[in-house]
Structure formats: C-alpha cells, structure tokens
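As written, the chains take the letters A, B and C, and residue 1 is the first residue of each chain.
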C-alpha cells in the first residue's frame, strides 16, 4: 500500500528527467551516432573520420586548437604559479586587492575580451599608435589577427582562472617545511624545486587540464577576432551546423567527437602523471 | 622575510597591471571622441547617452535579463524537485541524478549547441522553436552549478531529521521540504544562481549558434556593434563589464557573509 | 488493555534484521525508557511507533487503534530528536507554533498556547530568538515545547540529551520528568545511558540485538538482572563463571554465571564467620577513588573482583595487602 504511493513520487522526478534527456542525453548520443553516417546518406562508415584526418583544413583546425591550447595553458600555468605564490606570501590589503582583481577578471572572456584587445592591439589599436609615436617598430607593426595574437588573448583569460585554482593548493605548503629546509641550509629556490613543486604537482596538473579544456572550448574569443577565416575546432564545428551552407551532421559530428576525445586524452594524460607523482611522493 | 613580501608585492602589482590594462584602456577609449595619437582627445559621454536612448540596445538588455532569469528559475525548480524525490524516496537513484547533473561540466558549449540544433531544427512541434532550444541548452549548461549549490545547501542542513520533525508535527513531506528545508538553503541557491547569471550573461556561443541574430542579447549586440563603430561598442563593453563585476562582487559578498555566519554558529 | 502495544514486530534493513519479534506493552501516563547499547534497535523501535520507519511485519497499536499503516503526520504523536531538529529559519515561537498551524488551530488560540508552553519550559524570553542563538539545552527545551504543545497522545524522545554536557543533562532530565508528570503524558524515552534511564523512568525496557532483554522498574532492573547482558549493562556488576566462583568459595553452584555488585562485597583484614555467606580470600592490586566511594581491585586466584567501600579513613587497605572477602548469599545472583 505504502510502496505504491512511494512510486507516485517518481512523477516528481519526471520534469528533471525530461529536460535532461531532451537537451543533454539525446543530443550527445545523436551527435556521436551521426558521426558514423555519411552526409549523403548510406550505412555506417568511418568516412567522416577519414575526411577529418585527411583534409588539410580539418587537420589544420585540430593542430591549431591543440597548439593554442597547449601554449596558452603552459604560459598561463607558469604565470599562475608565481601569482599564486605571491598571493600566498602576501597578506592584508595587497592580498585582498589581488583576490578581488582575479575574481573580477575571471569572467572577462569571449567577445568583450577580443574587443578590448582589438582596441589596444588591432590594426589601428591604441598601443600600435603608441609604438609609432615612440618609434618602437615591434609594437607598431604588431599583428593581432594571427595565431600568436589569438594565443596572446587566450593567455590573458587563462591567468586569473589558473591563479585562482592554484592559490588553495599553496595552503598545503606548510610554513614549517620552508623554515626547516631553510635551517638545513637549503636556498629558497632549492626548496621550491625539491619540495614545493613536487607537493604542488597534482594541483598544477589538474589546473593544466582545466586550462586546456577551457582553451579548447573557447569559441567566442576566436570568432570575434577572426570570424570564420581561421581553422580552429570550435569554429569549424559551428560552421558545419550554422550559417548559409548546407548542414553537415556527419562531418560536424566527427569533428565534435574529435574535440571531446582531445579533452578525454588530456584528462587521461594528466591523471597518469599525477598518479606517478603521488606514488613517487609517497616513497620519498 | 621582509624581502620576500616585497618580491610578492611586485609580482602582484605586475600581474594586476597586466590584467587591468585592457579594461582600463577600453574604458578610457569609450569616454573620448577619438584616440589616434598618444593621448585620447575630446572627453565625452555621448556614447552612453545614445546607447540608453537606443531601442535596439534597450531591447538587447531586456532580452539578456529575460534569458538569464527563465532558465535559472526552471533549473532550480527541476533540481529541487528531483533532489527531494531522490533523497527522500529513492536514495539509490541519487548517484545517477548526480552524474546527469555533472556531465555538462565536461561538454563544451559549442558541442552542446550544435548537437541540440542539429537534432531539433526542422523537427515538428515545440522543440523546433529556437527559444525553447536556447532555454533548454542554458538549463543544461548551468545545471552543474545549480545542482552543486543546492546539494551543498542540503548537506549543510540535517535534512532527514528536519523532515522527520516536520512530519511528526503534522506536515506532509512535500510541505516540509518547501517550507522548512528550502528556506534554509536559499543563500546557497542565491550564490549558485548568481554564478549561473554570470555564465549566461557572458555566453556568446550558444545564443549565436542556436538563435543567430534573431534574438539579440548584449553580447551579440556588442559583436555586431564592434564591426561598425568601435567607440560605441566600447561603451557597450563598459556596461557589460560593469554588470559582470557587479555580479561577481555580489557572489563574493554573499559567500563571505555565509562563511562568517557559519563561523559564528560554529562558535556556539 | 495497554495504551501502546507492539505485536510480533519485525523490522529488517535489507538482510539486516534490526527488530526480532518485539512484543511490548506500555501503560498510559508512564514514562518508559528503551535502554540499550547503540545498534540494539531501540531507536528503530521508536521510529516504527512514530511511523518514520515502515515495519516489515507485525502490528502497532496506539490507544486501541491499529496504526501500523497510518501516516506519521496523522498519528498524533509528538517527538523530540537529538539536537538541531529545530527549524533554523524560524524563531522559537514559530517553531512551537508549527504543529498548531498544521492542525489549523486559530491564531489567537495558538499564540496563547505557545506562550504558555514557552513559560512552562522557561523560554518565554527567547520566543523571538532563532535556534542558532540558543544554547544546546535551550534548543532541546524548545524542541520539547514544540512536541507537546499539540497535546499528542504520546511523546517520543530519541536520545534528546546525548549532545548535552553532563551537568546540564542532569537538570534537563529532572525537568522533562517534571513536565511529563504535570501534564500526565505518556512518554517513551530512548537512551544508551543507564544512569539517565534510572533517574527518569517508571519502567525500563532493556534491549539487546533487536530483542527486549528485560523489562522492570529501575530498582528491580538494578538489583535483579535476569541475564549476563543485563548485569553488565546496568551498574558495575562482577560477572564470574559459576565454576570459577564455586572453586573460590568451595561450593558447587548449579548455574552458568554468578553476578554481584561491587558494593555488596564485604572486606576485612581478619577472617569472619557468619551464617549465610560465601567466604574467600584475595589480594588488593589497585585502588581508585570514585567520588565518595573507593573501588578496590582484588585478585582472587586468577580472577579480578571489584569491591566498592565508602571512602572513609577507617576502611583503608594498602595495595598488596591480603584480605578476606565475604558476600551474603542472597546478594549473589545465579544466572
């Protein structure tokens, strides 16, 4: 008797399940299924994946995406390391102001960010004018609408995110360790390379995989800067489905799957290294 | 020790300047007639004035507010009901609800938008409506944040005991949940809703892919405007960034308040 | 006929059988304690009466009615939980009024009842405070007020004082007992603390491993344990296998265990001889003061026996001292 009324409450779950199944589960499954069917019609095939890995445009898109994601994450994490270390060592007003700035600009990305860089470093940007005035050619002739320009913007949005993610990890570095290594005659650099970095490594790697995913998925920044004139995974994926050209579900699906796979690969790699570090750390 | 903090302060100042320059430069740019030489010339706020009298911009602002509120309200209700059913009646299902809620963390906006679009565009019925697709997509994108906020809130109150107590006093479980449990997790829900507002407010990819320019929010407006007039666009930029900062500041303020409240009640 | 009755009650969580064929009757207007170690099923039994747990089989009767399948909200039972069961978003007065509101009591009448009840538990000045602003003891008084303001048929208390420090606990025990007597309420109190059970109860039901081990009033529970478990849980009994004790006193005892309390053992430096006593010898290996009593650990053969004496200078023995022990035969419980 009571059990029956209990199952009535499954109805309460129904709205949630409806929305999640309609807009999360089915779309994701369908995009994977579609990637195995040719756009011209036909049966199951790997044709779309072959196209992705043989056509220069798509190969270029994958390479560009991986390159920009790796470089921006790498630079980002290095700056974040020093930023988080400084935040950890500072206190009071400096610390609070820094935290406030980081939190504020952590939402500064996408179209507004690209726009701000265009104002500063675009073809008639403010800084370029400045370069001309003071005769600094490198600045005066800077080309923002290139891979390196795009990377520069990506680095910007990686810094606050990675610093905010790393700061809690620094709490794990005990003051006592630093003091005792100092008493044992180790220099500060030695402390960081021998003790600090290995202890932080799991957090650093975890942060790197977040940064990589963040850069890989960034669409608005790249699109605002370069529109469709650049080979980049998210731009190409969107291009397959949106716009005036015919919709190519199969090829677009294959590109999307590649994009998701890249994420999975990155997570697997960082997990692997993290495990090794944890093991080594335990032995030492 | 003293030397160390000085070094830290220098690093902080350098990074701070680096992060603030683009904001500052664009803000200054928006308040002058032109900036082609070393210094900007002709201070003016006319860009702002024109914006606030322009119908198109105001409607973009209005659209943004609507598209922020609707998915958030829907998602909060869905998650509350689901978590109520799951924690009270089907504890074994909780794991699966959690997985469904966390998946969107790992899928990119691009992929979610194109997969929803390709599935339902041209289909018959209500799902073909672009606005329905957009709201659905936003619900999914903010799901992990809303879920986490509500879940943390529920963990902080002793929900089984409070529900038992309400029931012994003659309330039904559903009544107890909405009158006793929900009021206690409002602050957690507020914080996660604000995070969600930040996400939807800053979104460009979903709205661009799903509704194109047929439904303009301020991001789309900025994108279109910066192709034609960079000075006017810079004013839009400032308004967007001010709003974003306001949301972030509110989140931080509420989080701090809650943390202090916790510390206070922990003292007792 | 009894007021509350459990009939062949079984309760399992999966394969784990928590209550095994409970048959229990509780009289009206009494305060009854379910006592036992954690995991013995006492809280589950209480929650079955409250309706917060479904029973696997068996029946529950309250006031002559079968309530086995009645929803908890319709059972007319008040309950006080462990700490933190007050609704944190409501003031003390709102908490106490909650049940009245559910019963649709008119507002004026409800307000009056709430104030009266708060005065009774000594919280009249805290009516507008939130639970987080109260001490643990005040919170539990408010919870008590909330549970009884609707005048339920029975009041259930599920370890309500377990999170409260010892000193305050004692005064709350007395207060709960006073209020229960004043309003003549049937109450069931769950605790794992035997002292608490002794102080508060009309009847104690001692539970172990999902069964009722013994039901008795506090005096009988203390002086006449019916099993080794009851002896070890209530008071500080010496429990000896009959064989061992028989050897010590040189007598054959036809039972499995002999139990006796430390304070019934008499000790002296020289042998005595009176009728109706068991005699044996031992050596003091330790002495520990416990407030006004002194507890000696005495080694007799291979067995350690605890002996309590009043703490006074005339009865002092040294560690290492050999002495003579005696116990009245009627104070030895043979199990």
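Going forward, a contact is a pair of C-beta atoms (placed from the backbone, for glycine too) under 8 Å apart; a residue touches a chain by one contact, two chains touch by 3 or more.
Please read all numbers here as calculations on a predicted model, not as lab measurements.
Asks: Determine which two chains are connected by the greatest number of contacting C-beta pairs.
Replies: Highest contact count among chain pairs: A-B.
Asks: Most remote chain relative to subunit B, going by C-alpha centroids?
Replies: Here the answer is chain C, farthest from subunit B.
Asks: Between subunit B and subunit C, what's the gap in Å when you average each chain's C-alpha atoms?
Replies: Subunit B and subunit C have C-alpha centres separated by 54 Å.
Asks: Could you put a whole-Å number on the gap between the CA centroids of subunit A and subunit C?
Replies: Computed value for the inter-centroid distance: 60 Å.
Asks: Calculate how many whole Å lie between the centre of subunit A and the centre of subunit B, each centre taken as the average of the chain's C-alpha atoms.
Replies: 19
Asks: Using the touch rule from the top of the page, what residues of subunit C touch 2 or more other chains?
Replies: Answer for subunit C, listing residues that touch two or more other chains: there are none.
Asks: By the touch rule stated above, which residues of subunit A touch at least two different other chains?
Replies: none
Asks: Taking the touch rule as given, give the residues of subunit B at its contact with subunit A in the complex, in rising order.
Replies: For subunit B paired with subunit A, touching residues are 4-5, 7-9, 11-12, 15-16, 18-23, 25-26, 29, 35-38, 74, 77-79, 81-82, 84-86, 88-90, 93, 97, 100-101, 103-104, 106-119, 121, 127, 133, 136-137, 139-140, 143, 198, 202-205, 208-209, 212, 219, 222-223, 226, 230, 233-234, 237, 240-241, 244-245, 247-249, 252.
Asks: For subunit C, which residues count as touching subunit B in their complex?
Replies: Going through subunit C, the ones touching subunit B are 50, 52, 72-74, 77-79, 81-82, 84-90, 98-99, 102-103, 132, 135, 143, 146-147, 150.
Asks: Inside the complex, what are the residues of subunit A that reach subunit B?
Replies: 6, 9-10, 12-13, 15-17, 19-20, 22-28, 30-31, 34, 79, 82-83, 85-87, 89-91, 94, 97-98, 100-113, 115-120, 124, 126-127, 129-130, 133, 156, 159-160, 163, 188, 213, 216-217, 219-220, 223-224, 234, 237-238, 240-242, 247, 249, 252, 256, 259-260, 263
Asks: So in the complex, the part of subunit B that touches subunit C is made up of which residues?
Replies: 157-158, 161-162, 164-172, 180, 183-184, 264-265, 268
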